[in-house]
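For reference, the structures are reproduced in the following blocks.
First chain A sits with chain B, and in the next complex the same chain sits with chain C.
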Partner chain A sequence: MIETGIPKLDGYLHGGIPEGNSLVYYAYPGVDGGVFGMQTISHAVSGGRCGAYIASSTDPRMIRDQFMEFGWDMGESVFADRFTVVDAFSGLIGADSQERYVVPEPDNINSLTQCIKQVIEEMPEPGIIVFESLSTVMDLCGEKETLDAVLEWNKYAMLYDHVMVYNFTAWPYSEETLLQVKGDACNSVVSVGGISEKVIFGWYFGLLKLDWAEMIRKWVLFKILKPGGVRIYIPKILVTGPFDAGKSTVVHALSNRAVSVDRLGTTIALDHGHIDHNGFAADVFGTPGQERFDPIVKLLSGEAMGVFLVLDSANATGFARGVRMLEITESFGLPVVVIANKQDLPEALAPEEIKTRLDIPESVPIVPAVASAREGVFEAFEMLVEMVMGVN
Partner chain B sequence: MVYNLGISRLDELIGGIKGGTNIMMIGPPMSGKDDITNSIAYHGLIDGNATVIVSTREPGKNVLDWFESRNLNILMEHIGIVDCVTRTLGFGAPETENIKMASSPVDLTGIGVKISQFFEHFWMEIQLRETRLCINSLSTILMYSNLQTVFRFLHVFTGRIKAANALGVYVIEDGMHDEKTIVTLKQLFDGMIEIREGEDGYQMRVVGLTPKPTQWFDYEIDGVNIILRG
Partner chain C sequence: MSTSEMLVKVLGDLQKIGEIEASAIATRDGLLMSADMHAKGDPETFVAMSATMLGAAETATSELGKDVPNRVIVETDDGKLICMGAGPKALVVVMTAPGAGLGLVLVEMTKSAEKIAKLI
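Then we have the complex of A and B:
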């Protein structure tokens, strides 16, 4: 099994791509699907696998730089024996190539096939072969010719237990071609799409096809970070709770960068932070806690995908206000995690004790935390992310 | 939503170009198409538009220099350049706020991604609702990819221009392509700026944006302005 290294995707693939199988990242025009293939091969190679990257629209001298932009150092000497760039580009512009594998005529499918087969044969152990852009191959060599070749490459790779991965951009090819790419060409298809209204402003991925296990039909939002690569993205997590429970501290403890609109240390408008943790990215919005700001709390809560309710574990008088704030945010039905903050104070109640005093559903988890020391907050974040992913 | 080219006589005759319009600019080599394209981009910036320029012949830095060196009173953060040249030459220049790198003119997927990223940035983050896209030039792209491939690419992006109520300007070298290529591409555009060689220099006219083609005008390039005569 070769993992993709894309957060959540390996779970949906039931652990990764089994040896001898193939996968296509089916991206819509304007959506950056290419990074999926790059992340997959860099994850595999850094995990000890052999990998070949078929460069069809980029000068091979630039390939390693492109990986480096995401923080994946494929030029590192330890990878030298395991990572190969197949030059299917230089022949197009008549340039010389320093690569070991060069396709002399990239616009001739037989020339490409010959080189791919050589790579398949010479890879010393079961590894992964990733195509930078199958659509470019298709543009150069023809739709039918390329699809026939894909079937041939996949069969040939199966003999050697290699995994084949294709980045494909779904330009308006013939319907038959697009159906075949999504259908019979590979064992699995991951759709990489964009949410658009006037412009594309969000990205998602999900499985379209999986033939080696039961398919999980879920769509997840993602962002691409440099460095970092694909990160599951939750556009809005709300952090609410009574006055002085430590909401701003939670936002700042979780965030790589955060700002607060406050006066004399009390939040009077909002806190905003961006989290990048363990393959997941999220924007968090903290509300004020005082009752006079309740109209702002309601405004801030729109379109939240999950909620943290922050409580001061040492101040039980605020618990009822905390539950009331959940009502104000109209977060009923959304995933909620209670952060039992200030667990370092001597009079702090244990999470079990807090649960008995709160009028909230039994299923809502309570996580002990000391936000000022960044303890417990990431456990709470991971828990909430799992719940959000489960809902969506 | 109405756009002007910034070429006053033509703008008067056209009476404003409605949002979602795609224009082909076709003319012979050395006729000043780069300057005319940049001038259209510049006047958009003056009007508060965002501008995305896809450069297939000049490194992005050179295009940016055209704007910076003229000490223009424009917001540089409203300019986005998709550079299809620098990495083709084997130079590993990093991306900047103004310049995003496509791998090569073959990399239509990458070019498309970078255009989309700039559109999203201008629309969502800076909240500019009027954007110009200038592709200079389609001829270079056509040197690397076949007509069908370029047509597919343009089919998607002229559609995006319409969806975003933006203005698209696409430059083509006259005489470099056969008639079939030009006729095929023309289907995608709402109008043309045609340039030809006249007796005293070059002339331009607009076709398709007015009830009938405008007359041919002699023109000269005066800094960032295009001055029509006649």
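Then we have the complex of A and C:
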């Protein structure tokens, strides 16, 4: 099994791609699907696997820089013996190449096949072969010729227990070609950006085909971070709660980067922060807590996908106001996690005790936290993310 | 053409008048839909704050029984920030260059806002 390193996807693939199988990242035009293949090979190679990256549309000398942009060091010194770039580019422009594997005529499918087979044979142990762009190969060698070759490569790789991964962009090729790429060509297909027509805020990925296990039909919103790569993305998480409960502190504790509009230590407009944690990215919106700001709170809380209710564990008088803020933000029905903040204060109530005093559904989890010390906030985040993923 | 590509075109046309350093389209509740920031600043934060500003201005005027504002203009020494509603769901915001003429920018922004309102 070779993991893809794409968050959530390995779960949908039931652990990863089994040896001898193939996967295509089927990206719609306008979506940067190439990063999926890059992330997959860098994850595999850094995990100790052998990998070959077939560069068809980029000068191989630039390939390592492209990986570096995402923070993945594939430089010669690091993975020299396990990672190799196959140069299927230089031959096109008549340039010299420093790579071990060079395709002399990248626009001739037989020349490419010969080189791919050599790589498959010479890879010292079962590993992964990733195509930077199958669409470029198709543009150079012809649609039918390329599809026939893919079938041949996949069979050959299966004999050697390698995993084949293709980045493919669905340019306006013939209907038959697109159907075959999505259908019979590979063991599994991951659609990238497929339902962007409906949701204009982001890109989605999800499985279109899986033949080694039961297929999970789920679509997840993602975002590409540099550095970082593919992250599951939640565009809006609301942080609300009564005055002085520590909402801004929670936003800042969770975020790599955050800004606040505050005066005299209290938020008057909005806290906004970016979270990047454990394969998940999210933007958090922190509301003011004082009642005079309620109209703005209501206005800005729309379209949230999940909510943190922050409470001061040592101040039970604010609990009712907290529940009221869930009403104002129309959060009922959304995944909610209560952060029982300021657990370090001597008079702080335990989460169980808070639960008995809080008029909210039994199913809402309460997480003890000390936001100023960044304790408990990431546990709460992971919990909320799981709930958000479960709903969608 | 997808909706998001159309929004990119609307912003692109708006940029053509020059003197615009950053522009963005967002939902009224502060979610980014499209931005052209010329690699300056963080678009998500920029639109979240702009939406807060516009929302706060609307709340302030309607508290006194006045109509909702047509736009919010923030003047700084090195540019003007203009935020405008674009239909009930969206808003458009631009940051101009220091010496930009307000008239032309407002006319063009109004046109863009009308187009955005029809798209969303």
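FYI, the second predicted complex is superposed on the first by the 382 of 392 C-alpha atoms of A that agree within 3 Å, B and C clash if a C-alpha of one lies under 4 Å from a C-alpha of the other, contacts with A are read in each partner's own complex, and residues count from 1 in each chain.
Quick note on the criterion: a residue touches a chain if its C-beta (ideal position, glycine included) is under 8 Å from a C-beta of that chain, and two chains touch if they have at least 3 such contacts.
In this text, all values refer to a predicted model and were calculated from it rather than measured experimentally.
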Chain A superposed: clash or fit between chain B and chain C?
clash
Greater chain A contact set [chain C / chain B]:
B
Just to be sure I read the superposition right, which of the two partners does A:Thr169 touch: chain B = first, chain C = second, or both, or neither?
first
Please work out whether A:Phe89 is in contact with chain B alone, chain C alone, both, or neither, and reply first, second, both or neither.
first
Based on the superposed arrangement, let me know which partner A:Asp32 touches: chain B (first), chain C (second), both, or neither?
first
Figure out whether A:Trp219 sits in contact with chain B (first) or chain C (second), or with both, or with neither.
neither
Looking at A:Leu270 after the superposition, I want to know if it touches chain B, chain C, both of them or none. Which is it: first, second, both, neither?
second
Who does A:Ser135 touch here: chain B (first), chain C (second), both, or neither?
first
Is A:Asp59 touching the first partner chain B, the second partner chain C, both, or neither of them?
first
Given the superposition on chain A, at which of 5-13, 41-49, 59-67 or 149-157 does chain B overlap chain C?
41-49
I'd like to check the shared interface: which positions of chain A are touched by both chain B and chain C across the two complexes?
30, 196, 200-201
Could you list, by residue number, the parts of chain C that touch chain A in their complex?
2-5, 7, 27-33, 42, 44-45, 48-49, 51-53, 55-56, 59
Which stretch or stretches of chain A touch chain B in the complex?
27, 29-34, 56-59, 61-62, 65-66, 69, 89, 92-93, 133, 135-136, 139-140, 167, 169, 171-173, 194, 196, 198-201
The answer for chain A against chain C in the complex is residues 30, 196-197, 200-201, 235-236, 257, 259, 261, 269-270, 272, 274, 283, 285, 295-296, 299-303
Interfacial residue positions of chain B with respect to chain A in the complex
87-88, 90, 92, 94-95, 103-104, 106-110, 112-113, 115-117, 119-120, 123-124, 144-146, 148-149, 152-153, 155-156, 160, 163-165
